[in-house]
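Paired with subunit B in one complex and with subunit C in the other, subunit A is shared by the two complexes that follow.
Up next, the complex of A and B:
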């Protein structure tokens, strides 16, 4: 197995008239990892995913999925055998029952795993004989997830997979996700639910207004992103804390708040050098990073 | 859904210890939190030399964390000499001299920290302030140690 990224885009752009939904996106998603794709509603997440799958054509730029060109019809057909996808709106045939839907989907995929199908049917408590149109939103989501999870793809792409699920359903979803990852499936899922992303993702990409603003591992975010609150004995210019890694400084009299994406120790050391009265270091959670990132833009 | 009986079954031939779900919101990578749990279990004797830990897939499912988190924790613990990873059969606890001496040192360290915290509280500091001061000092001294 190669170390080539499962998803790689170069300047991928999609415009609708004058509006740019996705702007010059350079995305690189690693194999054998769970990568979360975060962003507000309308940030361009679904548009990006649909371009990756060849469902809409990019205005410019290029990309590969598992090494296949996303805009090449022939390569696209090949890659669909190796990619499982759950769409945002979970399209299913309303006139079929749950059982019929599963039987129908199974017939398309040689990689179908009956044992997983049985386990998920049991876990998700899906009513086999009920028609899809009579399912609740949560059940509909679960059925759509089952159809993707029962396959054995190389890459799993999920667009807002937790939509409509209650906390128990979300827990089951996350559990299934990590088991898939343990089986060697690379997972790429979009979400605006910080709490679920924070628990299972290895990496996070934050998209805002069509631009990629953050692309980092969660270990790095947790270990390096810090807010350092200082109380200084004298008025000190913000320039004193312009250290590599410092992203933003807010000063209010003797109080200074420094947001660092790296190098927090250097900030603390500088503060001690300036005889700071108080130095407080606190971690910055993904929620704050997300809000900061989105606000700055 | 995973019922308690399933969990017992999964753990039947591995060390029977309770893992806690790591806290995603603290400023510490999840694999480090997991390492601390396992290290703590070996230092306190909950995990004994030769005990087998759950497989990566099993523990990832149990804790609902990425399997890479579990793999990294196991790998780092092997590097530290706490675990031994055997190809195909899993992770086992090593006989570890440092762990035993730590088991003796830790209660003393705890007492010292407790005394210090009491004094700081007497001085009128709030717990949150003490926590932050600790973290800042740990960061600061880490930097100095690195420089040496």
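Up next, the complex of A and C:
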């Protein structure tokens, strides 16, 4: 096994007329990690995933998935044998029963694990003989997840996997993701549920308007992002804190809140230099990092 | 399993069409036999009465004319669906995530469609043969074979046209409406100005019938059949190219 990234894109772009859904994306997803792909609705997450899987042709740029060129039809077909994918809207054939759906999916993958299939059927309480069109949204999500988890892929790509699941289902999903990663499966998933991401992700990529704004490990983000709340003795202009690493400054009278992606020490030093009455440095959660990042842009 | 999926997707349309065409043919041939046998069924005298056979075969020609119309509508319906329609339904992501090329998806869909179209031609005519045999006035098996050959050989172009339309247009109603529109428009144009190249007349047997005996002669319009099949092949190739290049 090499250390080559499982997903690697170079200036990957998709345009629809004048609108650019994905702009010059340079993405690198490491092997054997859980990587979260965050972004607002319409940020370009699903378009990126569809380009990786050959469903959408990039306007320009290139990329590899598990070392295979995504734009080469034959290589893309080969890579799909090693990738399990759960799409955003959990597409399933409504005219098939649960049993038929599982039998259908199983026939394409020699890596199918019948023991896992049985376990998940039991855990998810899926009714084998019921038509998919008669399943609830949560049940459909569970079935879609079963089709992905019952395999032994090299890479799991999940687009909003927890959508439609109840808290118990979400808990089960998160546990399964961790187990999969421990088994050597690389996981790449998009989600709007930041709390879930924070619990399981090793790395985070944040996409906004088709551009990659953040690509870092969660530990690194936790260590470097800081909010510094200051109370100053006199009114000070925001310009005093425009130093490298500072992303946003909010001033309210003598109180100032500085959001720094790194270099918090320099902000603290500057505050002391201005005889700050109070300097409070606090770590920032992923939710705030995400909100500040997309707000800034 | 792709064949199984394609079968599940089309079976309702196929079985409904098959039942309609078979029942229609059974009723019509029963009626033809009843008239040809002086209002009796089964026929007690067989082919003895002069002119009876020609009258019966004339009614078989009429049966084929009606059958062509219904068969064309049926294969146009069978040609609907596919991955473009799946995109509208939201299931294309699942199909395209399978380790299967788009060309193979098309091949399976077209392959099953052709088999179903063949069955829609063979089974109604097999019913005609069976009923005529029960009535003791069996249709010549060669005539059954020729009618089936004309229906399929000439008519697959309509199936191919439907596949092409459904590879370009995704709408549940738009695609079949457009395909049926093309069928009707083609019928009018060819009947009005290009009668010698009218596929419809080729399929009904109008080009090959002996007007005295109402039997199909051995002189079939092979060039017409070949041209029709070639156009069908080009349309299917174009459909595959469209699907291969499309974004989903």
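Here is the rule we go by: the second predicted complex is superposed on the first by the 278 of 297 C-alpha atoms of A that agree within 3 Å, B and C clash if a C-alpha of one lies under 4 Å from a C-alpha of the other, contacts with A are read in each partner's own complex, and residues count from 1 in each chain.
The criterion applied here is as follows: a residue touches a chain if its C-beta (ideal position, glycine included) is under 8 Å from a C-beta of that chain, and two chains touch if they have at least 3 such contacts.
Please read all numbers here as calculations on a predicted model, not as lab measurements.
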item	value
Clash or fit (per the criteria above) of subunit B with subunit C on subunit A	fit
Touching partner for A:50 - first (subunit B), second (subunit C), both, neither	second
Contacts of A:280 with subunit B and subunit C, given as first, second, both or neither	first
Touched partner set for A:103, first subunit B, second subunit C, both or neither	second
Subunit B versus subunit C as contact partner of A:211, first or second or both or neither	neither
Comparison of subunit B and subunit C by subunit A residues contacted	B
Which of subunit B and subunit C A:226 touches, first, second, both or neither	first
First, second, both or neither for A:294, with subunit B first and subunit C second	neither
Which superposed partner A:171 touches (first subunit B, second subunit C, both, neither)	first
Closest approach of subunit C to subunit B (Cα atoms, Å)	26
Touching residues (chain side subunit A, partner subunit B) in the complex	32-34, 123, 168, 171-172, 174-175, 178-179, 181-183, 195, 198-202, 218-219, 222-223, 225-226, 228, 264-266, 268-269, 272, 279-287
Of all residues in subunit C, those that touch subunit A in their complex	1, 4-5, 8-9, 90-94, 96-102, 244-245, 247-248
Subunit A-facing residues of subunit B, complex	1-2, 24-31, 56-57, 60-61, 64-69, 72, 129, 132-133, 135-136, 139-140, 142-143
Subunit A to subunit C touching residues, read off their complex	50, 53-57, 73-74, 77-78, 80-81, 83, 85, 87-89, 91-96, 100, 103-104, 107-109
